[in-house]
Amino acid sequence: MADEKLVNELYAEICRIPLIDPHSHINPHRPTSRTLDDILGYHYYTELAHSAGMSKEPLSEKTSPRERVRAILTYMERFDNTVQYQWFVDIAQTFLGFQKERVEAADCDALYDAAEEKMAQKDWEDQVLRQSNIEKVFLTNDFDDPLEGFDTNRYVPCLRTDDLVFHLAKLDVRQRLSKATGIEVGDASALRKAVGKLFDHFRQHQARACAISLPPDFSPEKVSDSDLSAVLAKTSRGQDLSADEQRLCQNGTFWMLAEYCHELRMPFDLMIGVIRRVYEAGVFQGQDLFDQRTSLIQYRKLFNAFPNVAFCLSVLTTNQNQELGSFSWIFPNVMTSGHWWYANIPAYIELDARYRLQAVPKTKQIGYYSDMYKLEFGLPKYNMYRKILAKILAEDFVRGRGYSTEQAVELARLLLRDNARRLFQTDSQ
Amino acid sequence: MADEKLVNELYAEICRIPLIDPHSHINPHRPTSRTLDDILGYHYYTELAHSAGMSKEPLSEKTSPRERVRAILTYMERFDNTVQYQWFVDIAQTFLGFQKERVEAADCDALYDAAEEKMAQKDWEDQVLRQSNIEKVFLTNDFDDPLEGFDTNRYVPCLRTDDLVFHLAKLDVRQRLSKATGIEVGDASALRKAVGKLFDHFRQHQARACAISLPPDFSPEKVSDSDLSAVLAKTSRGQDLSADEQRLCQNGTFWMLAEYCHELRMPFDLMIGVIRRVYEAGVFQGQDLFDQRTSLIQYRKLFNAFPNVAFCLSVLTTNQNQELGSFSWIFPNVMTSGHWWYANIPAYIELDARYRLQAVPKTKQIGYYSDMYKLEFGLPKYNMYRKILAKILAEDFVRGRGYSTEQAVELARLLLRDNARRLFQTDSQ
Amino acid sequence: MADEKLVNELYAEICRIPLIDPHSHINPHRPTSRTLDDILGYHYYTELAHSAGMSKEPLSEKTSPRERVRAILTYMERFDNTVQYQWFVDIAQTFLGFQKERVEAADCDALYDAAEEKMAQKDWEDQVLRQSNIEKVFLTNDFDDPLEGFDTNRYVPCLRTDDLVFHLAKLDVRQRLSKATGIEVGDASALRKAVGKLFDHFRQHQARACAISLPPDFSPEKVSDSDLSAVLAKTSRGQDLSADEQRLCQNGTFWMLAEYCHELRMPFDLMIGVIRRVYEAGVFQGQDLFDQRTSLIQYRKLFNAFPNVAFCLSVLTTNQNQELGSFSWIFPNVMTSGHWWYANIPAYIELDARYRLQAVPKTKQIGYYSDMYKLEFGLPKYNMYRKILAKILAEDFVRGRGYSTEQAVELARLLLRDNARRLFQTDSQ
């Protein structure tokens, strides 16, 4: 029941908070788009176009970037109701000088040309960050990333560990690990040394978090070194692992990561709930889905075992949001983090954020992250969140509780900036 | 935050869209009610009256229709808060000349008489359809329905397959199948032929969909012909099936239906989540409930195996709505369909529809269906949905995104008419 | 879209309904707080302060009450966004003469002194009840509570049975039971007699309900007397029970309670979903959480077996609210009850209450209970609920359906007073 004027006023003020974006997939060597194809190549567009009827043919290398854009724009009118479409309009209007309300296939060439010109400007990266009001962006780095050649003050490294936990049995991963650390991981002790080297390397390059995405049936357990060694020895010999052995290897490696997070006071981002490759014939990055039947109770041992590790949790479904909020309300070491992927849609963001704001200490909430691959997406995604946040603050806090506008904006500042700075110690470099 | 005037304006425009109702239980030989007892005999009223304290006695054949109506009306004040009560008031006001805001037991005779008179009018069916602005209504036909004696242009046949999948082991069902097709289904090949005959028959009578309702633990798998044959042979000999064999029989038959849907380009409506006969002593059709712990991940093999079948999915809980929306956003062959039964309540319709409108291509959404048994219920049920839709369009699309009223109504037209026409090819008769 | 004036008007009217509070943890011998420490000792504050960074040290007996309050108030600014903080402000303003909008650590002494003075007033209990407009408060009594020395007309006894069902294998509990009843429970028949004595005792002292909280995996089953006897004999001999035997003992005892509820026409409050001691190092009463994966289908046998027992159900998650509403809509003996613990947060109360009001007979809904340990919390908790209820009534019933203010308030009166009076027969003493 908040009036539009108040919401708009709060939104404008919130937009002035310089953002710390604690999770993205930005390539720091090439953070911005170079063509409109980089924008519309984002899996949200390719998968929605495909879902709406486009074959995968325009996505092959045979198709030129401009024609690929044309193909996607042609199908876009079938999903112009979605919030992802709205992100694109926001990008076109803010960054590409687009003047209309709706993008159509006929706009392809004009937009493509405008993008090419704009994105070729020398200071494009700075322009985008400035207009988006983004100060720092966290990365998602492979464990063997050299982490060199970029400003780690702006692009904060983050050790992504999916490969270590879920694919250590693969020859390729073990070879990459061996190459990165000089250690063959034939047993638990060697793995511990190797992982320690990775953490050292990342810490030396100002990494501020360890991160992983996890399937809905993951349920971490401590594993004995001898059990883990037996399984690692088997993989070293190139033998296949049974399902139980795979799970043991995953648990052992995961628990080791938590131990290092404890030792090095490194927050551990857990992104919970994704099942990979559900739609086998889907487009690149457009194949993953989930099973709503999962629970944070699966993590009770972990949360109890590592009271000094800040676990920053993202969940993939609005169904799990009450667990997220409630576990964070009870466990000092559990933080709520952002609105992820299939739950990153206004209808659910609003409900989920509202519960968190009403039930979780405000200092324990990471309001949002972009999850973006190209810097241009920070602005529309954060805008979407900021609008919802402004609405909640207006209704529940200004109208509902007598907050002043300033007090409401202070609350927003924690969610968008200060909590991330404190939790990830981004100022202590 | 949309103002009432805009919502009302949108609602009025949306009401002008001629409806294609893609799922009902209408008996085309007797589509309308003849008495008020036909209206209040709808299980929503009998089960709510019973839940609120009415014994089942007035529902027996011994009670006259008028007295049965009186009994239900007497208990109705205990549930006059519900949306189902509101449907009834809408019917009374629109079709029966009822002038008051609330119906009471004292209105019994006047309403009963008014109904009897109105419903006896020769053109009652046409009146109802015209006032409801319904153009076509899909049926739910038993597999052995002769499909004759009605206008399949108005009443579109739909092959309902619950009996085939879940009750094929019953002698009665096998006899009906044999009688309808002339085939004894002693093995997989015979079953395939028999089912093929059913599809032929339905196609010849302009059937436009195959449909089934499924329990929450159903998880379709391909079954080999030899395995299926073994089980069918057993049932032919009158032997009982083990739980595993029953499941195998269900899976084998279900998969066969999907194969025919593929071959004949027939959409397959899956209505997921109901458990039958939970409340054993409940009223007719008022015994079924559900278990929220179910997931669309159980259908991953099916969706991957039949990329060319349009699966129109209904789910029974708002909990599963995110899965529905997300699977539809990723799988080209998954469509969202309506708001079903226990989720067909405004609080959840609003949240669920909002997510779909924000995340699923607009061309893939069947907005609503009536699920009605008598034509008079189309109007109040669609009105409920149209009001919510008007509110969402006003808030999220006109206010939130700058849509014109016309653009918002175009979106509604897809949900209420055009998507159903295209998906079910209702114009290609 | 209801305007603020209407909501405020409804709220004011709703506040005039004298409350029957059907579930609390009030100690009738000491119902009110004596110091501010009694207020801030409520687990919501200790657990939120701890979650936000406070060690457990200030909670030890070594710390004086005043210093404990100071410690919690110091951390309170970290969770001043929560609704629990808002309850505290409401208490401070209403009962302690606090004039400001926000409480800070600097207010500690003034508030502490004010509380000490106010709470020492002879008629403090009456003052609090009068200002809160609470007429009756249900208790949560241990099975061996003597139930003497208090006014059972104001404080209605309720037989809490967690110990009997879940801890009967513990020597301590068996000794308490033996002492309370004079019976050693070596077999099913003895247990039945003992439990019968408890019920007699409670009925003699005007108890109006039997209650229990249940873990999410609980799934009640009837147990034969001989099976139950075998297990009880084992516990009598001091032998440990296997997991299966424990479950059998729980089921057998639980089923027996339901039988007595049937026999004595006593409602049975089931509070479903809590897992105890998840956060092992948490503060007192701040360790319990849940697993969202649970279903009311687990209770189907129970609901079918006892059609004449009024089961008043609370669920711990908003996810289970649709089940709660739907089961109550179908089963005559299932009532919806309040908004419990982790679901007792406005964002979810609003959605959950809305569904119930739209789908469940109004006579079957217990709108709210306080769950409080000290009387001062009745007012802010009920205020929270009443505000949400006023909003829903304004939007859905007055605006949406043309209810008059009076009609809307009548609906509220059922939820807040009349349904509890009728179901628990509180007037028939």
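To keep things simple, chains are lettered A, B and C as they appear, and every chain counts its residues starting from 1.
The rule is short, and it goes like this: contacts are C-beta pairs under 8 Å (C-beta built on N, C-alpha and C of every residue); 3 or more make two chains touch, one makes a residue touch a chain.
All values reported here derive from a predicted model rather than from experimental measurement.
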Cα superposition of chain A onto chain B: how big is the rotation, rounded to the nearest 5°?
120
Numbering shared by both copies at the chain C-chain A contact, with half separating same from different
different
With chain centres taken as the means of their Cα atoms, state the distance from chain A to chain C in Å.
39
Chain A residues counted as touching two or more neighbouring chains:
1, 293, 319, 351
Give every residue of chain B touching chain C within the complex, in rising order.
1-4, 7, 47-48, 50-53, 78-84, 86, 101, 275, 278-282, 286-293, 317-319, 342-343, 345-348, 351, 391
So in the complex, which bits of chain A are touching chain C?
1, 293-297, 300, 303-304, 307, 319-320, 322-323, 325-332, 351, 354-355, 357-364, 396-397, 399, 401-402, 411
